[in-house]
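Below are structures written as structure tokens.
You will see two complexes here that share chain A, one where it goes with chain B and one where it goes with chain C.
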Partner chain A sequence: MDGAQTGAYAAFGAMTALVIGGGLGVVFFRNIFYAATSMVLCFLGVAGIYFSLQANFLAVMQVLIYIGAVAIMIVFAIMLTRRSQMVDTNRFVRSLSQLAIALAAVTCIGIILIELAIFAPWQISGKVPAPDITRFLGEAMMSRFAIPFEIAAVLLLVALIGAVMIALEEVRKS
Partner chain B sequence: MPEKGLNAYPAVVEWLGGFVPNWLAEVLYRVGAGVLICILIATLALVLVWMLRKVIGHMQCRLGPRVTGPFGLLQTAADALKLLQKEDIIPANVDKLLFILAPYVTFFSTGMIFMVLPLSPTWILNDLDVGVLFFVAFGSLASFGLLMGGFSSYNKYSMVGGMRSVAQVVSYEVPMVLALLGAVMLAGSLSTQQIVLQQEGLWLGFIPKWFIFLQPLGFAIYFLCGLAETSQTPFDLPEGESELGAGFNTEYSGMRWGLFFLAEFANAFAISAMATTLFLGGWHGPVFSFLPWLWPFVWFMAKAVALTFCMMWIRSTWLRFRIDQMMDFGWKVLVPLSLLNIFISAGEVAIIRSGIIARLIGG
Partner chain C sequence: MVALPCYLGISTLLFVIGLFGALTKRNAIVVLMCIELMLNAVNINLVTFSRFIDPQALLGQLFVIFTIAVAAAEVAVGLAIIIVLNRYRDTVNLDDFTWLKG
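== the complex of A and B ==
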């Protein structure tokens, strides 16, 4: 194992710790703002894994969409419904029955994943990755996958107009 | 002319690899890059804060600092020393962890932006193939720090400040990205260094091939959104003194406040530097025989500082928007205009590719 590989493994390990730690934080923090912040950490870890796999475009999109939009919207919602003290805002944390169910589910999925990892034959593709992945993605979206791309755009437009309509109704009432 | 698209990262790592194992070279490069960015930001802040005071002072018929050192040059250093000596106050009712973390989150995300700025043909810390998107992504992360600061203070003024800041960043990010897209379409690349390289040369022998001449609308939209994104006047609603105390940083003092302040200046400079990269030809400029490797850096800095000067000019002469006016302006004016700009850019790309202009002017 040469130096570069050690570095890659170390980076992967650190990022995985960030993802798992962040994920556990989301579930176990009793203050819901802390939970949201550790979700940001988790997303940063995922972006880091993408970076270490040289999928730069995906990594940047992860930061832009999941942190810049999703996490911030969640935090915004928390702030708009704030109470005077944030302790104990993340309900369900101390519920033993739920913990048991979650543990059972995690064990089942874990067994399946470990089985797969050990016994399934891993195929390594002989194909060469595209040299300029961003250009490749862009061209694919505009040619081969143009229709799914457009449908996603229409879906977002519908959501946008729907949000504006709901907000308008509130304004009219007041 | 140095080799095209050269990137400090592989060259330095290879050079370091001659002395230490490869993995250590990689780690050293990253740590070194971080230290360099911090030094750059600190130096910039020292100079820019002094410049801000002088510029605003003279524009308002005052003199600005002039006692500390020649022309008051040491004023910022003195202020920094004062801030460092101040007692570190954490108010009793704040959420301590978030309160402490918030300035670092903001500073970290600002520092990350500096990684993709092409300071000269060879000086870019990491020439990512998605540099422009990287810049936008970490620009929006900075607002998360402001939100944390505003929230953890448990103070209604701070919270309103934090929420305004995020509402502003989320709204103005849309036209900003759409405006950036114009330059990206013309260059055909998302790498900052490639975009600068595409702006090499002259039209008709005297007009530099900067994208601002093809994209005046895009540049204007980008610059306005940049002002909003970094909460500069006239978009400084998150810390509107007249309404909110000091907004999200009301409860902060000493060096914690200093970090927010530093990040604000670094952000303003980064916005100017990115505008330079995308629209003003980056480090392109006349290179003289004396120290030829230094001139691109000088041109880059000169253009970026000139744009920062424009920001200060606006700051000293304009009033603050009202929050509803700001939202209206963003969504009803800038977004349609930036969509129009995309159509214009597409037309320009089509015309350039068809080669009509080249045939007409023989260039």
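== the complex of A and C ==
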């Protein structure tokens, strides 16, 4: 039992390092392609966190959608908008005052949120989750949440057609 | 089992990093990436609450599925807009887009 606890903490620490390291990489790498790569690492860490929370379906979805689709799309956008070279493509704003204001705001929000997380009276339930989560989620989406599911499907269709129309504009004119 | 505040702490850190990047970067694609980081932090929160507070109904996990769908749509539209802006101005630097300034 004690060994399992230690293992859980070790896995959690590794995932934390992946998530936070990846996030910091996105912000602090000077080369935008490195930033995209470290974003993939961060998404992998988030998938690991879902696994440790026994959300297996979501972990697989995270890998499929974020690493398989979103990251690839962002790399394509980098490729389509890049100029002569990659170095120094990921810079901060020039004005120091703007940086300082952003840092102060972000620190305040972080402190408030962490204080809430520690001191709020969470009503933790001792129950264990259902053994077959994927089946449960599928049945819920086809019965009780059928209408949000359909709305999400329509939203995706509209957004993808809209994206194609926006990007096509020039071809249509000529 | 790692306690609930640890997961919330991770997600807060990720959210704060994403917010800082979204406020201070000059490249539009990086700002979009930072918004994705913030959405992921929110998703971690939802899954954590679903596991610790309401493990039987799994409403948080259902919510995350819809969040992921909306985030994917947002990335598609955002990148299309960035590509069109890049075509008109030949840059993705946000400081150069001041058309709405009077």
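The rule is short, and it goes like this: the second predicted complex is superposed on the first by the 152 of 174 C-alpha atoms of A that agree within 3 Å, B and C clash if a C-alpha of one lies under 4 Å from a C-alpha of the other, contacts with A are read in each partner's own complex, and residues count from 1 in each chain.
FYI, contacts are C-beta pairs under 8 Å (C-beta built on N, C-alpha and C of every residue); 3 or more make two chains touch, one makes a residue touch a chain.
The shown structure was predicted, so the numbers you read here are calculated from the model rather than taken from an experiment.
Asks: Sticking to the clash and touch definitions up top, decide whether chain B and chain C on chain A clash or fit.
Replies: By the criteria stated at the top, chain C and chain B fit after superposition, with no clash.
Asks: If you tally the residues of chain A touched by each partner, is the higher count for chain B or for chain C?
Replies: Larger number of chain A residues touched: C.
Asks: Using the superposition on chain A described above, determine whether A:57 touches chain B (first), chain C (second), both, or neither.
Replies: So A:57 meets both chain B and chain C here.
Asks: Does the superposition put A:27 against chain B (first), chain C (second), both, or neither?
Replies: The second partner, chain C, only.
Asks: Once the structures are superposed on A, label A:102 by its partner contacts, choosing first (chain B), second (chain C), both or neither.
Replies: second
Asks: Taking the superposition on A as described, I'd like to know which of chain B and chain C A:7 touches: first, second, both or neither.
Replies: In the superposition, A:7 touches chain B alone.
Asks: Under the stated touch criterion, which partner chain does A:74 make contact with: chain B (first), chain C (second), both, or neither?
Replies: second
Asks: Applying the document's definition of touch, where does A:18 land relative to chain B and chain C: first, second, both, or neither?
Replies: In the superposition, A:18 contacts neither chain B nor chain C.
Asks: Once the two complexes are aligned on their shared chain, state how close chain B comes to chain C by Cα atoms, in whole Å.
Replies: 13
Asks: For chain A, give the residues common to its interface with chain B and its interface with chain C.
Replies: Touching chain B and chain C on chain A: residues 57, 61, 69, 76, 80, 133.
Asks: Help me check something: in the complex, which residues belonging to chain B touch chain A?
Replies: Of all residues in chain B, those touching chain A are 21-24, 26-27, 95, 97-98, 101, 128-130, 133-134, 136-138, 140-141, 143-144, 147-148, 151, 159, 162-163, 166, 170, 173, 190.
Asks: Using the touch rule from the top, collect the residues of chain A that touch chain B in their complex.
Replies: Result: residues 2-4, 6-7, 10, 31, 33-34, 37, 40, 56-57, 60-61, 63-64, 67-69, 71-72, 75-76, 79-80, 82, 86, 132-134 of chain A touch chain B.
Asks: Give the list of chain C residues in touch with chain A in this complex.
Replies: Residues 1-2, 4-10, 12-21, 23-27, 29-30, 32-34, 36-37, 40, 43-44, 47-48, 50-56, 58, 61-62, 64-66, 68-77, 79-84, 86-87, 92, 95 of chain C touch chain A in their complex.
Asks: Can you check the complex and tell me which residues of chain A touch chain C?
Replies: Residues 5, 8-9, 12, 15-16, 19-20, 23-24, 26-27, 32, 35-36, 39, 42-43, 46, 49-50, 52-55, 57-58, 61-62, 65-66, 69-70, 73-74, 76-78, 80-81, 89-94, 98-99, 102-103, 105-107, 109-110, 113-114, 117-118, 122-125, 127-130, 133, 136-137, 140-141, 145, 148, 152, 155-156, 158-160, 162-164, 166-167, 169-170 of chain A touch chain C in their complex.
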